[in-house]
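Please go over the structures that come below.
Two complexes, one shared chain (subunit A), two partners (subunit B, subunit C).
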Partner chain A sequence: MTDTNRLVFEYKIGLLAPSQVGKSTLIASLLSEGQRMLNRETTVQLTAADRLTGNRIANADNSVTGALKARVFRPMLMPGTSDPSWFRLLLEPRGHDLPIRFDILDYPGGWLENGGEGPEHEQKWNECEAFLADSSVLIVPIDSVLLMEARAENAALLTAHLAVFQIKQVVLRWAKNRRERAGEPAMVVFCPVKCETYLSDSGSLQDQATDLKHQVVDQFSEVLETLREAAPHASVRYLPIDTYGCVELVSARWVQRPGAPGDIKLEPKYRVRPPGTIARKGLEDLISLLCRQLVDSARMQSEQTAAQREATARYSREYADLREGFFRDLWLKVSGERGRRERIAEADQEHYLEAHETTRSLFDVLAALGERRSSPRLHHLS
Partner chain B sequence: MQVHLRTRSRAIDYAFVNSAPDSRWWDTYADWTATERPCLHAVAEDGEGHWRVLLSGIPSVRTDSGGRLIYYTLVLEGAHDTAEQDAAIVLSLASCLLADLDEDEQGRGVLSDLLDGVCPAPEVDRLLAAPSEFAMERKDLTTRLLASVASLEPLPRDAPAAGRATFDRWIAGRSAPGASAAFLTRLSALLSGKEHGQAHLLNLVSEAEDVAELFPGRLAVLVEGGMVGDPAMPLERLPEPKAPSGPPAPPGSSGAHPKVRWRTPMARTSLAALILLLLLAGVFWIFGVPF
Partner chain C sequence: MALGEQLDELSAILADLRMHITLDPELAGSLTLPQLPEIRADVAETADSFRMIATRFTRATVNLGVSGAARMGKSTLLQSVSGLDDQQIPTGDGIPVTAIRSRIFHSPTVLRAELEMHSPESFLAEVIAPLHTALSLPAPPRSLEQFADWSYPESSEQTRSRLLLTRLRELQSALPSYKHLLTGGVKSVPLEEIRPYVAYPTDEEIRAAGPGGVRRAYAAVREARIECPFPHEHVARIGIVDLPGLGEVTADAEQRHVDGLRNEVDAVLVVKRSSETSSFFDETDASGMALLDRVRGFVRSTGEFTYVVHNIDPDKPHLAENLRGDLLRSLNGGEADRFFTVFETDVRDSERVGRDVLTPLLKRLADGLPVMDAEVLAGTRGRAGAVRDRIRLHLADLQRALNLVARRAGVPEEVNDAKADQLRSGVAKRLRVLVADLAAEANGSTDPGYAQAVENAYEGVLDWIGDGFGRGADVWRELALTRMITEGHPADFAGPEFNRIRVEISRRFAALDDFFTDRLTDAWDRTAEAIAAECGALFAESADGEEASGQVVLKRLAKLFGESSQPCPGLAAAVHSLLDVRLEYRTLLYPRVRPDLAPLNLQVTHPDTGEEMQQVAVPLTEGGAEELYGIFNGLAEQAAFRIQKSLLREAAVPAAVVHALVEQFEDTLIRSGTSVQEFRRFVRSYRNDLWPEEFHGINEANSRFARVVGVSKEIAALAEQGEEEL
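Take a look at the complex of A and B:
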């Protein structure tokens, strides 16, 4: 991209969750599932922005699928995250040369829990926080097993285990940032993950969809309130996700663990539900939401740029056509200044038309994306 | 030599158990490696007088509360004029890591047993739960850790691939003939200060193209090949890094067309002024105005 006048669309997507919720798994699933889903559709395609991100996606995807090999769930093959990493991706509307670049950050959830305490990662956590605050979309993965299995005796500790306070702090910073850019779309998606056991549409015998949503709204009520106050224009969605679709909870017991809130921790055990085929639900809605949001952000950015360029082109044309008296005009003609002004006016008009065409194309892509119907899992929370 | 050990407990996320290094220098290589899988970075750059080594992704028998694998990260830092014993310890650790990977695709082996022995689960739980307490216990852990790693015997290796291993910059799969030996030879030179540069065992790299921007100096790269890439990739010389493009040439110095200077605004303005002057002179002459 050597043309400096070419529109560049770059966005960030932030994930906000404490340790062990499954951020890395969600990212891996989102990207591999997203690529498959978007490849089936004709409007956009998702690709890695560089080879190293492609390798990182392959590594993450292999870990997730490896954990389900031989129909036995082996979380042992999925280590947690100890250092931050970036996924750089491109969303490309088919038939248009309009790549939309977006980055997803994965980081150790413990950094969110203790606010980057400790000299060794304080600075890095500050960088992560800045990334999260600058994100166009915030995804809040929530451990649905923790939410649903807390029971009355541990209910008081649930807020601490979910890191609601820490999430609220980051969301507040994000919301203030978004308020300053009220012209840009802003979205927060609350995503309970590992929902296979609680939702009947994924094969569970029990349907606790309403209860799950109620729990999310109840536990994150302060975060929702913060969003309403600090960024009222932000779209807030609720979308439960089956991380695997074929893994269900066998047991969940609270055990003594020093260092965890209240020195106890929920330890779940899972089994693979026959026939053991990965059938994730909710991810298609999430990738669809993200695509729409990113394309819409690009459209708004393009629209603003087109408006600015139109004004510039109009001014350049008026300046080029300005009559300044016989001798002055003769002078401008002879000295070549009139020609220079003409060329600038023509170039500005061309840049405006390019931006206008980009906006129109993005409108078309957005309209095509909008045709996909969302599943009943997706709800508005604002 | 300083040694820092990072792991997690069942409940608490990854953190350094005994002491933390001054900087997170390994973040520079985050694009090329995932520290949750076996990897190694060794850095000894010109003018620094010291070396830094990280070994990560060494699996523990412990699992977290979700049943997921827990692993260790070792960060070692020392000066070039350090005792030879320190360099020998790092070489033993590196050779054990490579040998463990040969035996088990997750890298479970001698190093896992050694670190699990030094860090029993209750101690990890206690130390991570109170990060500002237990200074004596942390010191004791460092001493035990150093003693344990010092007891490791360096493993015998094949001879480095003749000729090729002398390349300044190369990449190979870790199980390619002679590659591990060449890697350890390079590592040894970096630790002793005889050479400057970097040596890495990377797990997100599959081709020479992937490391084009990793480091411009002397570089040895082993492809881990567990999830990405081929561990048997033959040793390949890496191209020399591209020289940075120089500043743009000053205008007029690149042999521009001779007519170009007559097209500049100044030349055009001067020409227009001359024509106007001649026109005025003609008008005055026709109407007999004295001048």
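Take a look at the complex of A and C:
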């Protein structure tokens, strides 16, 4: 936004998850699926804000598609993230020059677990934490396989493997931040991922949806409590997501992994469910949720701006029309001051009308997005 | 053992049982046979009767007793019958002469006399003691010396006593003359020398002896047996018994008379002489006849047993006439031989005796003896029957008392009940602890044994899957390809293969049964241990030293409950229920894991939509076979994993089942409605096995009790046997 009077909508979306949960895959899926979904819509479109983001999305998509075609899926073989990276995306209502930019931060999950994993990354992690604390929306991806397959004997390690404590710390900071900016949107979405094994709507022969939600609420009860206390206005949602839809768990076993909590790690083994077509349930709901949230945020921002501009325009008009006495008025006209005031008043009116129009447009987009019904997967947790 | 001895033993062991400390006094009092002495005497008498019958039936001779008051011609009759003379059978006018009983038998060749001699003891007991009794003197002397030194009164006011005292003093003063003869045993003497041994000394002899006293050898003789040839024809098998005269003044003369005749003789001849002083049937004769009724025993017809010999003096026929008339009136009611046969003879005339007495008498006896034998037998049987009935009656009384004792079983009920309650509460306590332990195990952390068993089974399945489902991966793929190509589609191979894999996976998880068996065995062991610990010596180590398994102990317990003399069906059922349980994967867990096997089907039903979905759609190529193998592998491994997960979720089940099982057992055993009662019955039946040390005395009481029961039964059996034999 080069024009200073032009409304600029920029938001941050933070992801909170330890390593190997699938943050990168989720982001990639979110963008590629979001593009596919929103391109079918008429109201908004989603685009990469820069080339780097476009490349990352393409790479992630390619690796997943290739693996599925080979009927082999080994998430452990997916490369982990070594550096923080920002995915920059633009959500644009069609026919309006109202780009809503949102940035999603991807970072090495280990940093969350270990506070930057050493001094050399501490600065970067601090930046990440600042970004997360400043995010409008927090997404908490949760490894559903870990959640569901941790057996009783390793139940005590589950909290550590889910990094519940670290997540709670970040959420607390975020919540305080949000409370200070009560007028701004605040939403946390708990997203169990890799859920296609447990939810029958994606083709699984078993339905453990209730059990999965129960596990999430149980394991993250302290995080939820923190949210309720620190940011009661925040919207908290639960949305299980299939990562691929056509992949399901075959088995999972705990294996030795030095450095991991308890020095063990759950190693899942998946099979690709024929015919291996990707059908990620829940992702569209997440995209819709994010779009609605972001557009709503933009609308609120626009409304505020419009209100401010209306007041300014009214003031400018009153000031332009102000009669200050014969001689003074004569001087204003002669000196051109009156004309300047008139121009300002007209400009302010124009800005106001512009903001008003933007707000109206965003209302329209929001109304259009609101027409899309959410799937039964989406639940409120607050 | 004879009945009499059995009765004696019964009496002794009853006394033994009564004396036992564990028997309550009231009960002990009922353990008696108050009439045992009488019964014993009856039995002895019956036995004697049978013995005498046996003697009677086996006797080779017809024995004739000769009875009658003194001086009636008894001895003369004997002389006439036997052919002996005054030297052997003394006779005398006016005074009694027969001092001892003589039995004279016909023997064509032998001529001898055998004397059964008194020992000093039998002399004092059978000769002196009755005189002391009759004279109301103090206890008789215990030795010959005492007798010799005994100071007897000079005289007595009573005539009879005076006479008896005279006899006694004569025996005392003459002791030196026969003391050396008191040898016991049998002494043979020549017939011509027998007189002093069987007859009182005559007046002449007494006088001739002077102040030194006459010899009284007869005092040393109990009985004489003489064998000699009788002078009569056809009298080959005759024996005659001579007895001291009736009415003779001796101590217990009548009793000795009866004893001498009873069952020894087949007929009695009562000799009655018509004389100046005795030509009628007087009171002495009447009482003598009455006495012979006692001798007669079971012989009903007096006339067949007792005969009267009218001793006639041919020189004084008028006297004979008088007596004849009196006998006719007094004895036979005016009708000749109506009740008694009267033989008239002159006893001095041997020939007449043979003709008038022996010949008709023996003819009569030829007919009468079998009848008398039958009467004697019947009478004895009747008597025996009465005794047997009496025994039965008293045994029945005794049995009732024994039943009462048996019910209390030698131990006061309160002792038994206390022990039973103690056992029950002891077992209850131990079982409660066990149930609490089992509850803790059921509620505690997962049984590592179970997790390991599941893990082992799971690994076994994975190995089997990895091995190409037991066929080898290459073979499997090859087989799949061949079948797919042959049939033109994969379903014909995949369908049966899914079935096979499903069944095999399930079968392999059934290896958990070993774990269940271990857990059940462990529960049995612990339960058995808890019970055995309270059961004293009942389940002590076996003889071979090997500890019995819990299952064996519980089976034995169930058997003991079942076979208890007092039934314990509730307790037995409780143990059986515990033993009958089977913990099996098939019944216990299979229903829980069955849904996990559902994907191992050619077609599956979607849980949401109900849509039937084909799981395998692969090209009919090697690649397709490879893909199919991958699909099967994934599904099989997934099913195995899910089963493992489901089973681990059920980790508490085995422990919970075992807990519930033992708790139910405890509840039934301890708290069922009949538990208290059945524990008491159990203790009543097995207390000696449970606490042998403690109930040692009771064991003894039981053995005494058993002996009483045993002897009672033997007596009853003997009585029954006797009845059959009779």
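In this text, the second predicted complex is superposed on the first by the 375 of 382 C-alpha atoms of A that agree within 3 Å, B and C clash if a C-alpha of one lies under 4 Å from a C-alpha of the other, contacts with A are read in each partner's own complex, and residues count from 1 in each chain.
Here, a contact is a pair of C-beta atoms (placed from the backbone, for glycine too) under 8 Å apart; a residue touches a chain by one contact, two chains touch by 3 or more.
It should be emphasised that the depicted structure is a prediction, and the values quoted were computed from it without experimental measurement.
Colleague: Using the superposition on subunit A, tell me whether subunit B and subunit C clash or fit.
Modeller: Aligned on subunit A, subunit C fits beside subunit B.
Colleague: One more residue to check, A:G325. First (subunit B), second (subunit C), both or neither?
Modeller: neither
Colleague: Identify the partner contact of A:S200: answer first if only subunit B is touched, second if only subunit C is, both if each is, neither if none is.
Modeller: second
Colleague: For A:P376, decide between first (touching subunit B), second (touching subunit C), both and neither.
Modeller: Neither: A:P376 stays clear of subunit B and subunit C.
Colleague: Could you tell me if A:A152 is touching subunit B, subunit C, both of them or neither one (first, second, both, neither)?
Modeller: So A:A152 only meets subunit C here.
Colleague: Now for A:G109: first (subunit B), second (subunit C), both, or neither, which partner does it touch?
Modeller: Only subunit B is touched by A:G109; subunit C is not.
Colleague: Examine A:S335 and indicate which partner it touches, taking first as subunit B and second as subunit C; both and neither are also allowed.
Modeller: Touch partner of A:S335: subunit B, not subunit C.
Colleague: Who does A:K265 touch here: subunit B (first), subunit C (second), both, or neither?
Modeller: Only subunit B; A:K265 stays clear of subunit C.
Colleague: Identify the partner contact of A:L249: answer first if only subunit B is touched, second if only subunit C is, both if each is, neither if none is.
Modeller: After superposing on A, A:L249 lies in contact with subunit C but is clear of subunit B.
Colleague: On the A-aligned overlay, A:W86 touches which partner chain: subunit B = first, subunit C = second, or both, or neither?
Modeller: First partner only, subunit B.
Colleague: So which one touches more of the residues on subunit A, subunit B or subunit C?
Modeller: Comparing touch counts on subunit A for subunit B and subunit C gives B.
Colleague: Put simply, what angle do subunit B and subunit C open at subunit A, by C-alpha centres, to the nearest 10°?
Modeller: Taking the centre of subunit A as apex, the angle works out to 120 degrees.
Colleague: Please work out how little space separates the C-alpha atoms of subunit B and subunit C at their nearest point after superposition, in whole Å.
Modeller: Checking C-alpha atoms only, subunit B sits 16 Å from subunit C at its nearest point.
Colleague: Could you tell me which stretches of subunit A are touched by subunit B in one complex and by subunit C in the other?
Modeller: Residues common to the subunit A contacts of subunit C and of subunit B are 269, listed in rising order.
Colleague: In their complex, what parts of subunit A are in touch with subunit B?
Modeller: Counting only subunit A, the residues touching subunit B are 19-20, 51-52, 55-56, 58-59, 62-63, 75-86, 108-111, 113, 117-121, 123-124, 255, 257-260, 265-270, 331, 334-337, 340.
Colleague: Under the definition above, what is the set of subunit A residues touching subunit C in their complex?
Modeller: Touch residues, subunit A against subunit C: 71, 149, 151-153, 200-201, 203, 205-207, 248-252, 269, 271, 274-275.
Colleague: Using the touch definition from the top, list the residues of subunit C that touch subunit A in their complex.
Modeller: So the residues of subunit C in touch with subunit A come to 445-446, 451, 595, 598-599, 604, 606-608, 615-617, 627, 630-631, 634-635, 637-638, 640-642, 645, 648, 651.
Colleague: Which stretch or stretches of subunit B touch subunit A in the complex?
Modeller: Within the complex, subunit B touches subunit A at residues 6, 8-16, 20-21, 24, 26-27, 30-32, 34-37, 56-57, 59, 63-71, 73, 106, 125-126, 128-131, 203-207, 209-210, 227-229, 263, 265, 268-269, 271-272, 275.
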